[in-house]
Structures are given as C-alpha cells and as structure tokens.
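I am attaching a structure below and will ask some questions about it afterwards.
For reference, chains read A, B, C and D in written order, and residue numbers begin at 1 within each chain.
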Amino acid sequence: MQLGMIGLGRMGANMVRRLMRAGHQCVVYDVNPANIAALVAEGAIGATDMGDLLSKLNGPRAVWMMLPAAITGRIAREIAAQMAPGDILIDGGNSNYRDAVDLATELAPKGVAYVDVGTSGGVWGLERGYSLMIGGSTEPVKTLDPILASLAPGADGSGGTSGTTDTAVQGYLHCGPAGAGHFVKMVHNGIEYGIMAAYAEGLNILKAADAGKEKRDADAETAPLHNPEYYRFDIDLAAVTEVWRHGSVIGSWLLDLTAQVLKDDATLSRFGGKVSDSGEGRWTLQAAIETGVPAPVLSSALFNRFASRDNDEFANKLLSAMRYSFGGHQEK
Amino acid sequence: MQLGMIGLGRMGANMVRRLMRAGHQCVVYDVNPANIAALVAEGAIGATDMGDLLSKLNGPRAVWMMLPAAITGRIAREIAAQMAPGDILIDGGNSNYRDAVDLATELAPKGVAYVDVGTSGGVWGLERGYSLMIGGSTEPVKTLDPILASLAPGADGSGGTSGTTDTAVQGYLHCGPAGAGHFVKMVHNGIEYGIMAAYAEGLNILKAADAGKEKRDADAETAPLHNPEYYRFDIDLAAVTEVWRHGSVIGSWLLDLTAQVLKDDATLSRFGGKVSDSGEGRWTLQAAIETGVPAPVLSSALFNRFASRDNDEFANKLLSAMRYSFGGHQEK
Amino acid sequence: MQLGMIGLGRMGANMVRRLMRAGHQCVVYDVNPANIAALVAEGAIGATDMGDLLSKLNGPRAVWMMLPAAITGRIAREIAAQMAPGDILIDGGNSNYRDAVDLATELAPKGVAYVDVGTSGGVWGLERGYSLMIGGSTEPVKTLDPILASLAPGADGSGGTSGTTDTAVQGYLHCGPAGAGHFVKMVHNGIEYGIMAAYAEGLNILKAADAGKEKRDADAETAPLHNPEYYRFDIDLAAVTEVWRHGSVIGSWLLDLTAQVLKDDATLSRFGGKVSDSGEGRWTLQAAIETGVPAPVLSSALFNRFASRDNDEFANKLLSAMRYSFGGHQEK
Amino acid sequence: MQLGMIGLGRMGANMVRRLMRAGHQCVVYDVNPANIAALVAEGAIGATDMGDLLSKLNGPRAVWMMLPAAITGRIAREIAAQMAPGDILIDGGNSNYRDAVDLATELAPKGVAYVDVGTSGGVWGLERGYSLMIGGSTEPVKTLDPILASLAPGADGSGGTSGTTDTAVQGYLHCGPAGAGHFVKMVHNGIEYGIMAAYAEGLNILKAADAGKEKRDADAETAPLHNPEYYRFDIDLAAVTEVWRHGSVIGSWLLDLTAQVLKDDATLSRFGGKVSDSGEGRWTLQAAIETGVPAPVLSSALFNRFASRDNDEFANKLLSAMRYSFGGHQEK
C-alpha cells in the first residue's frame, strides 16, 4: 500500500527502505532535501512540502511521522489541518503518550484517525525488523496492517516459536486505544534503561576487580580496603561478555551488542560518558509515581544518566560543604 | 574423561546427564540415595560416600561439587583431605569467590588444585548447555577442558557468530586465577537481579495503566491522581512481552521466559511474591562497595528482594510512627 | 487583623488557635459543624457557609484554605467566585504548586490575589509556630504580614541566632511569585521523606545487629551469613536515639520525636507499616525528573512507601516466577 | 582522671582540650611533634613515643586512640604489646567495628580491656560536647565514666529533657560488648550520609526551579520540557534553609550548618564536588546486606559519593556505547 513518511533521520529513512523492499510505495518528506534525494534515488517519491506529500497519496491517506518528540505535536497539527476525513496520521517517534491521547481526541471531530506506534529496533531494524507497539482505534489500525506487518520482523524473525496466535509473534501488537502504543513503548524504554544500567554497573565492578593491586592512602578521607587479596583479578571484559552470550541466564540482544562493542574497543576511548536520555525514561517514572508503583531500579538508571551529565554537581558541592562544616574535612 | 559429581540437585543431576550424553563417565554421590539411584539408572556410577567416589576415579582425579554455598567449604575440606597430589577439586556452585581464593591457597601445599566454576543456565542447561566462568591455575583448567567443553553450549549454541577465537564463543572461559570464576559468576548474578527487576518494575507499571479507572479517596493521606484520563489502558502483559521478543531492543532470554510465564498464568496466582536471594547479589554489592564502584541499580534490585520478604517492616512502622508523631497522621 | 479559615482539621484548627492567641479575629468554616463549634467556643466567629464567612469579613478580605489537596482547586474556585477585587485567597495546604500557578493566573483578571503558603510544623505548630513558605505577589503577601508573623515561630522560636535580616529568621519567607511557596514546601516534604527513611533504615539495621544469634537454613534459597560472630549485639534503640540527640551530627527534630516514640513503645506495636504519602514527595520527584536533577535518595524513600503498601506485589511475583522458570527455584 | 591520647588531629586535639577544661590530666602523643607541642602549651603532658606515654600514666592506665581507620589496628597491637593487665585501650576513631570485636578477643588473655567509642560531634565537639557510643566490658567502661561524662555534652547540652534515666540523656551510652560502640557509630554515619543526601538533592531541585527560563534543544537526544511555565522560580537557597530552621519538620543541626554555609557562599565556589567517604557508610551497607535489611536510601547516598568521584565513568561510557550501537546515538 501507500505510505507518506515525514522525518527521514536514522529511523525514518530505514523504515522507508524496509517498506519499499516489501513492495510498498512511499512518499517522503524531510526538512533536509538531501535526505529526500537519497530515498528518491532508492525508489521513493519525494515531496516538496507536507501539502505536496498529501497530494501524492491516494485516499484514505496514511502519513507516518518519525520526528523528535519536541516538535511532533506542532507538526501533527500542521498536517492534520490539511487532512480529510478518513485519513490516518501516525506518530512513530518517541513522543509522550499523553500527546497521543490528546491529539486523538482533538482530531476525532475532523474524522482524522490518530495512531501512535512505539517503534523499537534502532539502526538494526532495517534488517531485523521493528518491534511495533500500536495505539489507536480498531479500524485505522486494521487499515495499516500491511504496513505494520512489513515493518515488523515477522514470525521467522528474531523471536522463535510461541503459542500466541495474534500478531505479537510477528512483532507488532495493537495495545489499546490512542496512547496505548506509546505508553507501552515508554515503559519498554524505561526497562531498557534499567537493563543497560545493570550491565554497565556489573561490568564496572568487574573492571574494578584489580583494586587490591594499587596502593591506597591511609588518611581520614579514604575508606580502607580491608582485604586487598580478594581484589587482584584482571578480567577481560570482552571475553566475559562473549561467554555470557552462550547459555547464561543474562543473554540478550543488548549483551550481544555490548560484547561486540568491547571487542572493538575495550577501553571505550571514543565515548566521554555523558549519557543522554530522550524522555521516555522520564515519563515511565512519571507514570510509576502517579500510579504509586515502586520503580527503584528504573529510577536509579535514569538518575544515573542525569548525574553522568554533571547535574549532581551542586548537590555534591553541598555535601562537601557540609562535611567541611561539621568535620573540617577538606576535599581530596 | 571421568568426573566425580557431589551434589545431585537440579543443577548437579542435569550436568551429569549432559556429560554422559557427551560420552564422559560420571561417578556420583549425594546425601539423598534416591538422587544417586536415578542417575545410576541412566548410566552413572554410584558411590556410597566420598571415599568410595574417589576410589572409583582414576588419577589424576577430578571431583565437581554442586552444593549449597553454606556447606561447600566444609565438604571441600573433607574431600580434599582424602585427595592426592595432582587431584582437582571443583566448586561449580554459587559460593563466595573468597572461599575459592582461600581454599586454593590452603590446598596448594597438598598439591590439590582448586578450580571454581561459575555455572549459569539453570534447569535449561541440560539442553542449552551451561555458560561456564572458570577460575584456577592454568594446568588443571586445561586438564578439565573436555568436561568444560561438553557442559558448555558449544559454538552452535545460543550465541551465533563472533570474532573471538578463544573458548568464550563456545560458552566457557578461563577468567583468571582461583576465585576469578566465581567472581565473574557473582557479578553475572548481580546483573541478573538488575535485569529481572527492570522487567518486573516495567511490567508492574504497565499493569497499573488502568489506575485512572478506579475512584480514589480525597483525604490528606491519599495523593490525588491529577489526570485520570491518561491512565485508562488495559494492557495485555502476555501479548506485550511476546511482541517485545520480536525485534525490540530489550529482547533477551529472560524476556522469552517471562512471556511464556505470563502466557501460562497472567495473574501469577501460584506465586506469593517472597523473592529469595542466594547470596551472589549480596557479594556483588559487597565488591562494589569495597572497590568504590557505584551500583545503584543492582542494589535497588537486591534491597527490593529483601523488602519482598518483609524485612522492611520495622522501618516502615517507624515511618508511620514518625508521621503520627509530627502530624497526627493515622495509618490507612 | 481578620482572617477567614476554611478547613478546621488538625492543621487548620490549631492555626486558628495560634492566631487568636496573638489577638487576630478568625471567621471559621468546615463541612463538619462540630469543628466550627469547637473553635467558636474558643472565641472564633462561626460561619454557616462560604458566603456567610465572606460576609463576616471586612474588605480587603483574606481567606485561608486548609484542605486536602484533592479538593482544594474546586473549593478555591467556589470561593473566588464570591470574592471581590482586592480580596486575597490563600492555600495553606499540601496542594501541587502548579495549581497555584494556574489559579493565580486564572484569578488575576478578577483582581483576586492568590497566595500559596507551604505550612510545616504539624500538630506541634500550635506551640512551636509554623514554618511558612510563601508564594504570591508582593502586595498581598505584605498585607498578610501580621498573620504570617503570628503563625511563624518568631525569632525566639526553635531556631536561634542567624545573620539574615529578613523574615526567614522568624520562620516565614516570601519565596517568589504564585507557586513558589508550594514549590519550596513540596521539596521540603521530599527532603522530609528522605530524612525519615534514613533514620528508619539505619534503625532497622541496628535492630538486625543480633542476626548472628539465630540459626539459618543451609539451602540454595538462603544466602549464608559468613560471620555470625559479628552480629551478636542487642541494641537498645530507644537509648541509642536518645544519645544521638546529644551532640551528634544527626541530631534533629525528627530524631527528637523518634526517640520519644521508641521510649513509649519500643516495638511500635500499634503501627502496621503501611506508610501513606500525601503527594508532595511525588511532585518533588516529578520536578526532579522534568528538570533533569538526580534524586536517588528522595525517590528511594518514596518508592519504599509505595512498596510498604504492597504496590510491589505483582513485580515480586514476576521475580519469583522468573526464578522458577529459569532455575526451578521454589518460593520459601 | 588521667588519659593518654594518641593521635592529635582535629578530633583528638579538641578532645584533649575538652578533657583538660574538665580537670583531667592528659598525656599526649602524635607522629607530628608540632601537634604535641601545641597541646603541651595548653597544659597537656607530652610523650616522645608510646612507651613514654604509657610510662607517664598511673595504672590502671587508659589510652585513647584517635587515628585513621587504616592504621588503627596496627597501632593498637603495638600499644597493647606494652600494656599490663588492667590497662584499657580505647579506639575512638572511625574503625570498622569488626576490628573491635577481634581485638577485644585477642587482647582478653593479656588482661587488657579493649573499648570502642564511636565519637560524633566533629570540630564542634570541643564546645558542644561529643555524642559517645561505647562498646566493651562493663568494668572498664565504668572505670572510664569520668572521662566519658566530660567528653559528652551533659544533660544541659544540645538535647533537652527526656525521661530516660541513664547516661544517654547526657550524651553517652554503653551500647553493648566490644564492637557495639563502633557498630552504633557506623550506622549513625550511614544515617548521616542519607540525611545529607536528602538535603543536597532537595536543594539541587530548588536550584533547578528556573529550568523553564532557558531554551532547550529540540533533537532526539534531549528530553523536552513540556511545561516550562512551571519552572520559572528563582529560589534563594540561603533564605529557604534559614526559614526551614524555624518550626519546620526538617529542622536539624545539619540544616543549621547548611544554612550558614549557603549564607557565607551561595554558589559553594570553593568546593569541587568530589565527596569523600571514610568507610562507615560502606560498612553500614555491608551490615545491611549481610543481615538482609533493605537500605535503598543509605546505599543511594553512598553510591552517589562514589559517582561524584567519577567512579561511574566506565559504566557511563558503556551506556553511551550501547546507545550508539543499537540506535546510532552520538553523545552530545
């Protein structure tokens, strides 16, 4: 079928490629003309603006946005203003699910269906397929089925057998009304933060397994290491992550990637350690807090990212200031 | 080759089976005679006690212990007392790696080699193979290679391709001197706790996505839910975990199991929610703390298990008592 | 001066008493007539409804609401609808500061000033005075100064000397425009949760100092205690909290209360350990998350309260289910 | 009475001064002769080494060590070797309580009593008195009573009235056998970390209350701030901490110090934010972990200190590497 795609970054462009490989026709637009040209060269139909894009689709038209969360709402309203009853507007980005709840309600009187699709798979989705979590009304989601089925890995993908008879085994799932798709994707990313942090903390502990080899200061500002004899290991992190991939309880796709990363560059010298977050982890916690669900692991993972960007600096200065104030402790 | 196995519980018995399938000869012992008989019926050689077991092995002899951590040290010393120079004693259980460091040093003058093998794979290891993290001197570990290779999944196992040329791609790794194997396995389990908690917290948030449907009290002891309209989803957790298995960033073996668990029993009615811990998570944190490595996610996961067993009860009573004392707040 | 008080619960009633003792005239209303009658007997002027209350005040009129957060917004709008330009409406409760930002904007065109006052002091405020954090426009806050000064402890209160020349040393502070008072009070309560949890966790550890005296199971589901000889103390928690009150770094008003609580009832038998939260801790974290500030301690304290009310139950069942699934572990 | 003091740093020197003011005679030693000379000038008796110090005391002799934890054990054994039956050796520093358990057992056959005294009060103890938590046998602790009573604040100190009839109201407490004093002090410091972090996190959130005033990037690596209108406050942290000192629930001695710190230097420009820890927080968590007591707040506080010293760097690089690997995300 036909699909309009707005936003041709890493994710959007590859999704267009995967759809075209499956025989779908894509009309594409991006603020950067080079991104459009690249896909046109691969068979997509380019559009000069959103109106042009809409005019090149046959109704009922489906337009998929793959944009940064900060601008999705504005662009959605611009496109919807040019849409007709029966058209479908899809947000496949990492927007707050609340926006989908609001926009679906806002666009309903116009007859424009709003569908939110949480899209996981990253730069590997082109080959592996994308895991899709879908929110929206039944009919438009059904209309989009050929697109969704092509974007998803399919039953022979990364998953293997399962008893479920619905589309989940193929990697896409209609999770509920508008907002449900982004809600599930939001929590998915919250979990992702937690899993990533679990590996990162554990590997950092393994890296410190040689702590007993170095000499420590013996002053009041330094905690002594009582048993240095138990910390004299030089652990090969690349080899360890590799062995864990084979038969261990913590095997995962993230571990596969981590093993490769460490094999390529054991010291991770090209990274500085300022870890971004794109919002989904925050909203996951907001949902946990509002519904009274404890989420200490997911919150620790998020807060650690904040701290990696030095947002804890003032708090830490305060701690040093208090220590100086009550105990005369000088920072080392 | 030959191997003696002491401890024929879930793990030990299946490891014997996997070894016998690969053509190894196993002499087995357990405090429970029925456990011995079961394996003898499958081709193992039974022993009446540890001395008998040793007498049925040809030197240099290798004895593998698969026992609860609390008794491993005592049994190890009992066996070692009956061993001869060149013999190898292996602890494949979840012991503290410090015990391996100590025991290797203690047994070295006798010429008995102590090898610690962290063994991951659970009840699935019989079919999938076990991921093995090995600590000890080079020579005895080399001697054990046929056993280790048979227990591990092998290169065609769960892993797939990789550029590493060593045994890690087959699922077993000599991590360093005595203690290194259990150290790596310890951290492995610490990570496991974190990953499990990440999924559990996230799914618990998804379960609460319908919080806006219920009515809340409007009193000073109840936090209001400002936007109930954003919490009106009924999420099918079994379907969601299934869809995540296909192409998402958080795909993992634990997720595979979780999806199956939820498909079988969506309410998990057979579980009470008192989560045990077997020690490895504790020692992981001890190592983090002693080496000054932050591990907020792994610690949150561990403490949550403690709290699941109501070990937070007195602390919580104190909080309620303080609230009553300063604010007259009554528990609801 | 005159003040109308709406909401005569624990906080509101005592504030009226403290104001009357300072010579102010209070017109009071509550949904429960008995609460009105009690204060009328002590010299307050009773009102039959909000209109009656307003009619009994001389303009410009000031009305203070001391209500549960869940209903404050609705009541505020009802009262404001009956107010005239120059009147002042005050929210002294634990409302979300966002409501104050919104209501101040909403009421501005009517000429009604909205002032938010975070009020700390609990049931002890009547005698000690209340610590007041005030948000709103300069003029109405200035108008309210006699009321605020009387509610606050005053410079001879709990504080002692300080170099600040403003009202902070007397226990009240104009923190900024509308919302600033409740924002500061919100964070105050977030900190309060953290401090309370720090004491509670620490005392719970002291309580467990006898763990080495009991016998442990030696099975695969129980982490062994390696050095029981280090856990054979019987700590008198009431005496310890008392000694900490005298010269230690962790002396505080909450510790004073805790020492008294433990002296009265060392086992806290009258409390069940289901710890409520009234919203402020949640909003503190929401602010931390939205502004990217790490708050792991404050979030741990909040999530622990959620867990105390068993909101972690499903997550814990999942953990047990996963453990059973990969390792055959049975819950103990 | 007489007391020998070894270690004349910030704590030791002031304790000698406080004891001399109360009429006790102190024989003092330190590796730095200038520290000895300073106290001799104030009336103490200087010693040239530990033997000399012991020779200048009348039996039964009491020697108090105030040394960094890392060297206390070694020095204790050196002194004890020169002691006679009936002598008392006291460790007033921040040593691991396990050392006290071990040393008391080790020295018992010699007839030398080992007493561990947790000492809180910091640089303010000279004037305020020290809160003392004491472990050891009954008789030597009784012998030391005049010293302990003089070091403690006394009933007219910082505390106020209380019903307890024992010495706790004077600020010193015999907590149990050897080790109990340091155990209680250890947990005291663990709590201290938690309280400090609660204030620091809360104040950091208040500092970020102006986040809505700055412009944010709108890209996929930056979480959007949905409601900047709610983050436009400029909070005066010095004034806020001052107002909290007067009548609020979170009043404390640490808050008193914090208010002063912020009044002196609102930006804390002289501190870098690398927060040391001296071991007690670590051991508190070790005790929590070994006894199965959840301590998420205390652990978060400790781990945050580790992270402030960049011990999270490798973990953070791993997170960035994973993000790049699955999503092509570049660090900002």
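Going forward, contacts are C-beta pairs under 8 Å (C-beta built on N, C-alpha and C of every residue); 3 or more make two chains touch, one makes a residue touch a chain.
Just so we're on the same page, UniProt names per chain: A, B, C, D = 6-phosphogluconate dehydrogenase, NADP(+)-dependent, decarboxylating.
Computed from a prediction, not measured in an experiment: that's the story for all the values here.
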Q) Is the C-beta contact count larger for A-C or for C-D? A) C-D
Q: Farthest from chain B by Cα centre, which chain is it? Let me know.
A: C
**Q.** chain A and chain C, separation of their C-alpha mean positions in angstrom
**A.** 37
Q.
From the mean C-alpha coordinate of chain C to that of chain D, what's the distance rounded to whole Å?
A. 29
(Q) Give the residues of chain A touching no fewer than two other chains, as numbers and ranges. (A) 122, 197, 199, 201, 203-204, 223, 226, 249, 253-254, 260, 282, 290, 292-296, 300, 303-304, 307, 311-312, 315, 326-327
Q) In their shared complex, at which residues does chain C touch chain B? A) 9-10, 68-71, 94, 96, 122-124, 196-197, 199-201, 203-204, 207, 216, 218-224, 226, 253-254, 257-258, 260-261, 265, 268, 271-279, 282, 296, 300, 304-305, 307-308, 311-329, 331-332
Q. Tell me, which parts of chain C touch chain A in their complex?
A. 249, 282, 285-286, 289-290, 292-296, 299-300, 302-304, 306-307, 309, 311-312, 315, 326-327
Q) Where on chain A does chain B make contact in their complex? A) 97-98, 101, 120-122, 125, 128-133, 152-153, 157-160, 162-164, 166-173, 175-177, 179-180, 183-184, 187-188, 190-195, 197-199, 201-206, 208-209, 211, 223, 225-227, 229-236, 238-240, 242-256, 259-260, 263, 284, 287-288, 290-298, 300-301, 303-304
